[in-house]
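To start, I am sharing the structure in question, which I have written as structure tokens.
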Amino acid sequence: MPDDFISDIQDQDIESRRKAEALVIDVDGFEGPLDLLLTLSRSQKVDLRKVSILELAEQYLVFVEEAKRLRIELAADYLVMAAWLAFLKSRLLLPPDPTDEGPSGEELAAHLAFQLERLEAMRGAAARLMARDQLGRDFFARGQTEVMTRKRTVRYTSTLLDLMQAYAQTKTRDDFEPLSLKRGAIYTMEQALERMKGLIGHAMEWGDLEQYLPEAWRLDPKKRRSATASTFAAALELVKEGKLEIRQSDVFAPIELRKRKST
Amino acid sequence: MEDEKLESLFEAPPMAEQERMIEAVLFASADPLSTAEIESRMPHGSDVAEAMVYVRKRYQGRGIELVKVGDGWAFRTANDLGFLMQKEQVEYRKLSRAAIETLAIIAYHQPATRAEIEEIRGVSVSRGTIDMLMELGWVKIGRRRMTPGRPVTFIVTQGFLDHFGLETSRDLPGVKELRESGLLDNRPAPAVFGDDDLGEGDQDDMFS
Amino acid sequence: MEDEKLESLFEAPPMAEQERMIEAVLFASADPLSTAEIESRMPHGSDVAEAMVYVRKRYQGRGIELVKVGDGWAFRTANDLGFLMQKEQVEYRKLSRAAIETLAIIAYHQPATRAEIEEIRGVSVSRGTIDMLMELGWVKIGRRRMTPGRPVTFIVTQGFLDHFGLETSRDLPGVKELRESGLLDNRPAPAVFGDDDLGEGDQDDMFS
């Protein structure tokens, strides 16, 4: 008896695990979060118009949790949808806040229901379209071209696609070289190292890393970011070489540098 | 006076003769020809539109039928006889689900922008999907939408209608019901603060 | 008993139906078909020889006629209507790369001078290329540019818009949209571009 009981539990366990995994592994088979929601909504076995969005949000969040637990990596848009559904859920559950502007939870839920219904409708339409009789499969065009006279005119068949591709190619030629121009916003570590080597000779006192950034790189956020990273890397390099000391008093506090006192 | 003379010189052939001519012209072309194209080949004074009615009637229920495709006309074998033409069948590359859905969305919602297609499918349109539909000759670029950014729109082609045996895109299966139930409306999402931004952090924003 | 049942299961279609089938088969076939070949495609028990007599009679005097070609049968347009088919004799060709690029640049940058086209393409534009585009009726001369030398500019025509299925030249998708639709993928390595262009001469490249 106990044996049976244990094996029973194991069976159940395996089965439920398989179920969960099957759902999650299938994530590759879904065409995005809306598609997944549509699939989940079918489990409610009601007309799409009557689907409970709250329940659906719940199911989706469980799904995402389960995927996390199994360490399945979900694409970003699945997580974005999860965040949105969590938000929607809270709106649907909490009493409406009169000071809150924007659409109500019901409005948002109604739109989601509309999106699901529309996606399903387009799926159906696509299937009906493909089920139609098709040229070259079910009905046919004239199989023979007529050659009756020898008069020839040349007709050029270049399409808009050809035209666009041609243009794209001429533009791509321009685009290729400028890739190096884009490096304009990148301050290399070599540059930083060069600059630091010239400056550290005078750094007798602790000084903020920021002041080592070149003038021109301090204002533009992108440039500043690149220069900060390179200067920091260069500083580490110099510390390794024994030429510099580095310290930071606290997390996110300024990083400070000074010349290493010769021993 | 001059005109009258010219007129009589180029008197239109009798209707029966016009029918024969239309048969011949359409028969020689594998692609649909527009009424204007047919007219340009017919003798001066022909009434293509009228002759077409007779020709169409003549071929009704035959093995070859006259079908209307967009603003063009073509002879096609009758749909119920496809089984005889196994040798002529063309192998079409099997379309992906994404491609089929994208095609359907363009057909039912046209003109449709890329953003609208993505909104409906809830997933981004992969590179090459629209490209492929254009290469198949089923989708082409329509007018730009007069909204900010003036996005390009996509519409289906006569080749699409021809391939699926549709006279116009109003004959798409179920299009009337879909329209009536509001499922073809372009209903924008209710705007929630920051809702749109959730996914798309722009690089430039990140750094400022 | 068994045999009789089988027989009735595969009963030959009525003669009128056989006629329809023959019409469709001959219409769709790329080559003339012999009686035996037609028979092999038809349902069991069909009498092709007899049906053919009816089909032939039906099309007598029409714009399309059933004719014997060698030992096969084929539909042909009636001999007396050959004059309608002259326009059918069209040779289809793609534009050369030099021509399509030049055309694309004019379309995207119009009005464009020859010097501007050359600047964008990075190679000189032969006289013949622009002449050909003008002959095709896709490009015409615009206003002169009010700069030293008052160079001629080129613009695209209504004929161009018609051919490429555009409402206006503003409907051309931008570079960003081209990239999004994947049209900038599959691009050859830059080195290949360079080499290619160096070799491209004047006139000759038009039809390459």
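Letters A, B and C mark the chains in the order given here, with residues in each chain numbered from 1 onward.
Keep this in mind: contacts are C-beta pairs under 8 Å (C-beta built on N, C-alpha and C of every residue); 3 or more make two chains touch, one makes a residue touch a chain.
In this text the structure is predicted, and so the values were computed from the model without any measurement.
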- Query: Whose Cα centre is nearest the centre of all Cα atoms in view?
  - Reply: B
- Chains sharing the largest count of C-beta contacts are A-B
- Message: Using only Cα atoms to place each chain's centre, name the chain farthest from chain B.
- Response: A
- Message: Centroid from C-alpha atoms only, then distance chain A to chain B, rounded to Å. What do you get?
- Response: 35
- Mind checking the centre-to-centre distance between chain A and chain C? Centres are C-alpha means, answer in whole Å. 41
- Could you grab the centroid distance between chain B and chain C? Build each centroid from C-alpha atoms only and quote it in angstrom. 17
- Check each residue of chain A and list the ones that touch at least two other chains. 140-143, 145-146, 148, 160-161
- Mind pulling the chain B residues that touch 2 or more other chains? 27-29, 75, 77-78, 81, 85, 88, 131, 140-141
- Task: Would you tell me which residues of chain C are touching chain A in their complex?
- Result: 24, 27-31, 74-77, 82, 85-95, 97, 100-101, 103-105, 107-108, 120-122, 136, 164-166, 172-173, 175, 178-179, 183-184, 187, 190, 193
- Task: Using the touch rule from the top, collect the residues of chain A that touch chain B in their complex.
- Result: 31-35, 37, 76-77, 80, 83-84, 87, 102-103, 107-108, 111, 114-115, 117-119, 121-126, 128-130, 132-143, 145-146, 148, 160-161, 221-222, 225
- Item | chain B - residues contacting chain C, complex | 19-25, 27-29, 40-42, 61-64, 75, 77-78, 81, 84-88, 114, 127-128, 130-131, 140-144, 150-152, 157
- In the complex, chain A touches chain C at residues 140-174, 176-177
